[in-house]
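Structures given as structure tokens follow.
Common to both upcoming complexes is chain A, partnered first by chain B, then by chain C.
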Partner chain A sequence: MFDRIKTFAAGDNLPRFVILVFYLLILLVAFFLNQSIGVLISDTLIRYGMNGILVLSMVPAIQAGTGPNFGLPIGAIGGLLGMLISMEFIPQTIAGHQWIGLLVAILVAIVFGIFFGWLYGLLLNRVKGSEMVIATYTAFSFVAMMCIAWLVLPFQNKSMKWPIGQGLKNTITMENTYGGLLNDFLSLKFVENHLTGKLELVFNRSNSWVIENYGIESALKFQFPTGMILVFLLACYLVYLFINSKTGVAMRAVGDNPSFAVASGLNVNRSRLIGVILSTVLAAVGIVIYSQGFGYMQLYNAPQQMAFGAVAAILIGGASAQKAKISHVIIGTFLFNGILVAGLPVANQLVEGGGLSDVFRVIITYGVILYALTKIGGKSNA
Partner chain B sequence: MYVLEMKDISKEYFGNRVLKNVNLNVKPGEIHALLGENGAGKSTLMNILFGMSVIHSTGGFEGEVLIDSAPVNIMSPHQAMDHGIGMVHQEFMLIPGFTISENIKLNRELLKANPVSAVIDLVAKDNKLSTVDVAANARDARVALDKLDMGIDEFTLVSGLPVGHMQFVEIAREIDKEGLKVLVFDEPTAVLTESEALNLMEAMKKLAAQGIGILFITHRLDEVIHCADRVTILRDGEWVATKDKVDTNVVELAELMVGRKVEILPKAPREGVGDEIILSLNKLSVDMPGEKVKGVSLDVKRGEILGIGGLAGQGKIGIANGIMGLYPTRGEILFQGKPLKLNQPKATLDDGIAFVSEDRRGIGLLLDSSIEDNIAVTTMQTKNDFLKSWGPFKLQDKEKIRQHAESMIKEYDIRCIGPHQYTKRLSGGNQQKVCLARAVTLAPDLLLVSEPTRGIDIGAKKLVLDNLLKLNEEGMTIIMTSSELAELRSIADRIAIISDGKLAGILDPTAPDADFGLMMAGNLKGGEDV
Partner chain C sequence: MRKFNLKRFLVDNIVTIIFLSLTIIGILIAKQPIHILVNDLVRRFSRNTLLVLSLIIPVLAGMGLNFGIVIGAMAAQVAVIFVADMGWNGPGALLMTMLISIPFSILFGWLIGKLLNKTRGQEMITSLMVSLFAQGLWLLVYLALMGRIIPIRNPDLLIPGGIGIRNTVNLGDGQGSGIKYALNNLWSMPFFLAMTVLLLILAGVSILRYLQSKRLGLTDQKYLVWLGTSVLGAIIMFIGHATLIYPESLLALNTVNVPMATVLLIILVAMFINWLMKTKLGQDFRSVGQSQAIAAVSGINVDRTRIIAMITSTVMAALGHIVLLENVGVLNTYGAHVSIGLYSVAALLVGGATVNRATVGQAFLGVILFHTLFYIAPFAGAILLNDAQNGEYFRNIIAYGAIGLSLVLYAWKQTSAAEAEPQAEEEGGPPAPNPETINQ
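Then we have the complex of A and B:
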């Protein structure tokens, strides 16, 4: 058994292993500190659903050989435009219309994702070999440029604009649109009824059953965001279908060995472009799902750091800068968000004074990325 | 009386003996040529002389190196320099943005103190911060350049110099070093024009006249006759002969260099090889770095195995790469009577030509993918095979890919854990079999195979060659490019020799050794007109 752990922990699995041990350790500490494990796990699941597609957006880019998609904010801005346009034009006061709002937001996000991804892919095809740095700074510049756009774009909806002056708000609530719509779709929630003091199981926002109180409610304050998880799994399945199609196989061959691809009659630039566009589209859709889970959309500088968490998550899942699978997304998103969710209250309880948990998040995020980047080049020496 | 003696030198790499009791002696003031084909052991011998780490990290060598009759133990190139051994490299080791003078004196600059270094040297005493004395360095550089009759200004930047001059700067750097006894030239004329080469040989004679022993590595026979005093010939890691130039001639040298390595069984007259031309190259030029093809015209008959031989860097590798369209290509290629689109690998594949690259790891394989994916991917992309419909999508048919890979693994005896194993974990020979299986899966009419046995063990070698023969018997036309003449002679029907980017001639596999040697060295044109 020990030997098997040792073999697993060696080499590529090392970061995954360290984080896994760390996560279990935090859960253990949380348990002894009387934190509600139910809340920790359900918060992890919610963050899992929110971030899943963003992390998934790393896969096509890595497989096409352009490295982790540090340009994720570019796609995210496409998603924000989709949400803004949906909010501007689709009145969503009636319950059923919220679905239309969400659908329109996703469709418009896809359109912008394709357009931005195409431009961004053309750029990346000109800078082969230094995609990651270029992508990071392209995204930073684009975010900065859009800061101006948010001020001048002619949106009229009052709930999106500053009460006085020009421009869109920093944070726009989605309370009155489709915020939380997917979280609650087919979801299971244990909620304490404040009138009766009893624990109720709520299904799909409406149906509920009263449950006898067994005195373990603190451990049971649990919810399962079924809709969001389903959308994430659906996205994973669609990407799986794509990477097993003829075009997907060509894209992976290009990413693995461009010279081989040329000798097999493949168009390297075209495959890379497809990979980047797909990544950008996924990032755009991902931010829509993220925002509806969060309940707010965030403009201006908010998208700037978005890429790093997603990159760290897939790397923790076992991917490298040259190789990524969907299983890496599924594992990595859970571990990364699990640590953040559980680590925050534990850290705050252990050490007085706020801010520590965020320091903790930054160390993990950048540490994992740094570790993965030092591994680049190992392939050519192999 | 010898300035350099290498006695009974033997070297093994991982059980593979690459040098066997080689002897080499250089007198002061002589030009001694070291002659041999690629892989004869010249480079290994020089690596030993210069104490390269590749020698010492693989268990050192047997034998003795003597300088001025005193045994020396050279553990690094730096020590070799201290013993008075210099090297003029084939690829120039010069810094383009520095002047000639700076390049000549690099890391051996003459220095003068400045106020800062004067203070620091009170403690450190290593002069590391002293100012470089530009004028004194330039004077030294001038002296070295004058010895070579090179009038060029020592403050010129290296970056703009013609290739021939760069070589001279390298030589000037070596002769500027104090106590230079032996100077090694590693195929110095390979990159030079004819007149530049003549200049270089004049300079070598001049240096020899000053008492320096010169070791001249080459495979150009006429240069040996032109300037060497003595010549040592290596073949397959063995010492073959050391001759005085006056006692020998080009033909004898060619024969000694090539030799007969394997018994060649006279091949039965081949059936199925008619007069039909399947592929016709017309003035094919390929701009492949290091393997330029400069106008080759050649016909290939349906059903034959055509061998393409020649020395490294002469352009034989470029031909197959040019047909595939992997490097910029000009000229005309007629395949099955129709012109082939140039520079379009996809068109070439679609027309029924498959390619096994000489660069197995660089071009031939997806190292991070499984054996089965490697075998199927090209056929899937060009012929839409190995796909199945799933609603509106076309997905890869994993079952069919697996079945095909398993049958290929059996047929080509690929030693692996299973079809899912990554190709980077396979040995060179098994990787080569995967490359071959991938090409054969395309069911091509014409198979281009480059260096199929490079870097693989002898058992795998035989399997690969046998498989090529079998494919040929089943009707596939094969063009095999190889640096190993013996292997070309054992399976090819005709052998085209490429020299200096051009077709030197076409020989029968049973032609005499001397013809092959002379033709490869560019001393014989034409040959048997088949």
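Then we have the complex of A and C:
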């Protein structure tokens, strides 16, 4: 028995297995604590859609051999710039214009993502072997520098700036722009009709007046954020197409075995650069989707720790520091966010005073990353 | 003696030069009175230097910059909270705190060392992640278990509900109760007198070194220069203490109190590191740091040596954190340890250390430069941005920027060396460190 557990632990399945068991356990506890399973599942789905593309951004970086992209905040800042520019220049008071706002935000985010990713990729090509720690501190430094930039950038839109003093706000609400737009697109909601006391199924916000009349807080029981999930799956499909294209196959070959790739005439630095740019672009788009799902843009130090959750999620899905597939993203994002969503009310109910929910997040996130680091291989380097 | 090469000197010390320039510019912009600046610097130096010194041994043992000293700081806080719960006071309580922290820091250091032996080549990111992971465990134990499973006698330590330690724990009033100022109150001196004493100690060391080198037959004129400079400095400082002939802005410096006991402790630890690096164990650290394969072939137990390096570092970090808390006087239970790793690593790198090279001198220089800049930055930033609140952001840029810049420059050098001559790396390895620079 012990031997079998040991063999299993040596495989890559252990974290996925442990987290899955833990998740089921939490769901069971939540059930006995009379938590609403519907709310838990729909919260999980919303967070799944919000974080999916951020986690997906790990795939090209890992496959190109630069390791999990701890520089995700760099791309995230590109996305924040895209959203700010969209908010500044696209008036979105009319219903249809919100789609334009979202589209502009994504396009500008992609432009910034390519630019930042290119610079960042050039940097990573010069520091082979210590990408992870350098990515972390490059991102931290960039976030710190952007804190000054948020203060001095010449944005004029009143709703983004502090009423007194200078600079952009810490959190900028998106309720007047495209906040929640994708969440609600083609979404399915169960809404309690207070007059009849019965649940009604609302589709695609076309009946959204039903929700507004009774207040979103009390009415929402379950929501399937179709639009956001569709965007995530679309992004997965695009990345899938890319990594199976000629360039993508070359990139994976470089990541698998750089010296073999050189021997077969592949340009290692170019492939790594492409992987990093793609990863940064995905991070930039990812933060736009994340923020529209969250309803707020978060500036200043908010992006700093963002990479760790995404890295942990893909690792939980079964990836390692050198190998990652899109299926790892799909599984990992669900498990990781499922635990965070379900763990929060359970932890708060078990231990009064709160504070413990963050403990779960911290221990799982960094525990999983540490586990993956030990799997890189402890051979003595000459 | 190597010929002085200006370009090489600039390239090798670029981080220090950048931060020295920033410090000078910052001082000019901020226009803070010099005695206030020095007062703050003395306090920061006495608080932080031991933590920075604790980073040196892992660097020399080839394990990079040990962000895991955060966990050493946790070991310190375990002891600090225990002693606060016991209600012990004064220097004896401080000594007990240090003694209690040692077994914890040995255990933690051993565990980190074990882990780092499994993540060879990625020690820095691992030590960073393990420090973040440990924060989760720290929250779990001190927020959820204290008062519930682990009994706490002193209700003042607990959150009003009775479970979990308060956000801030008072460590005494600085006049004998608790451990606050237990070390500061042992022996303090006004600035000019303190400098006189320290420079005279340096003069004494120079004489000893000179005599030592004479006995070995390689009379080193360098120590005579040291002797002359330090005696001259001591005279200048003593004039400042005894007379009133200096301008008033400088005389105000004598209002600065230097905690001599802490400074002496720092000097002792620095000497201990230099002594340790000369022993067999120290040579083992260095061999392992240069090449684990060659060290293993020459019969050194590489894994064990690396674990010992981590334990030493963690124990020193715990002692350093206790000295810091003794000086601060208030424990921020869930935050005091968090930024220790960041600021200490940044300070060491600003002093000119790299991932595989660090000296006591660099640690001292780094603490002085980094913390001067750290103190000055918000003032300078407030003036540059016309806004007093946002100067704080400059501190983050300095700390993260210092680490980012040094790591990139180091890795860049390694990569270009490896790509220029793939075979040279295997033959030569990194150049042997110059023993003189390490013994300063």
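Throughout what follows, the second predicted complex is superposed on the first by the 348 of 382 C-alpha atoms of A that agree within 3 Å, B and C clash if a C-alpha of one lies under 4 Å from a C-alpha of the other, contacts with A are read in each partner's own complex, and residues count from 1 in each chain.
Everything below uses one rule, namely that contacts are C-beta pairs under 8 Å (C-beta built on N, C-alpha and C of every residue); 3 or more make two chains touch, one makes a residue touch a chain.
Remember, it's a predicted structure, so these values are computed and weren't measured experimentally.
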item	value
Partner chain in contact with A:L266 - chain B first, chain C second, else both or neither	first
Partner chain(s) touched by A:V362 [first = chain B, second = chain C, both, neither]	second
Which superposed partner A:K323 touches (first chain B, second chain C, both, neither)	first
Touched partner set for A:N257, first chain B, second chain C, both or neither	first
Touched partner set for A:P163, first chain B, second chain C, both or neither	neither
Comparing the two partners chain B and chain C, which touches a greater set of residues in chain A	C
First (chain B), second (chain C), both or neither touched by A:G96	neither
Which superposed partner A:S245 touches (first chain B, second chain C, both, neither)	first
First (chain B), second (chain C), both or neither touched by A:P154	neither
Contact residues common to both interfaces of chain A (with chain B and with chain C)	379, 382
Chain B residues touching chain A - in the complex, by the definition given at the top	324, 326, 344-350, 355, 357, 359, 362-369, 373, 377-378, 380-382, 384, 387, 390, 393-396, 398, 424
Touch list for chain A against partner chain C, complex	70, 123, 126-130, 132-134, 136-138, 140-141, 143-145, 147-148, 151-152, 165-167, 301, 308, 351-353, 355-356, 358-359, 361-363, 365-367, 369-370, 373-374, 376-382
Residues of chain A that touch chain B when the two form their complex	241, 244-246, 249-250, 252-253, 256-257, 259-260, 262-267, 322-323, 379, 382
Residues of chain C that touch chain A when the two form their complex	64, 115, 117-122, 124-126, 128-130, 132-133, 135-137, 139-140, 143-144, 159, 161, 163-164, 291-294, 296, 302, 385-387, 389-390, 393-394, 396-397, 399-401, 403-405, 407-408, 411-412, 414-416, 418, 426
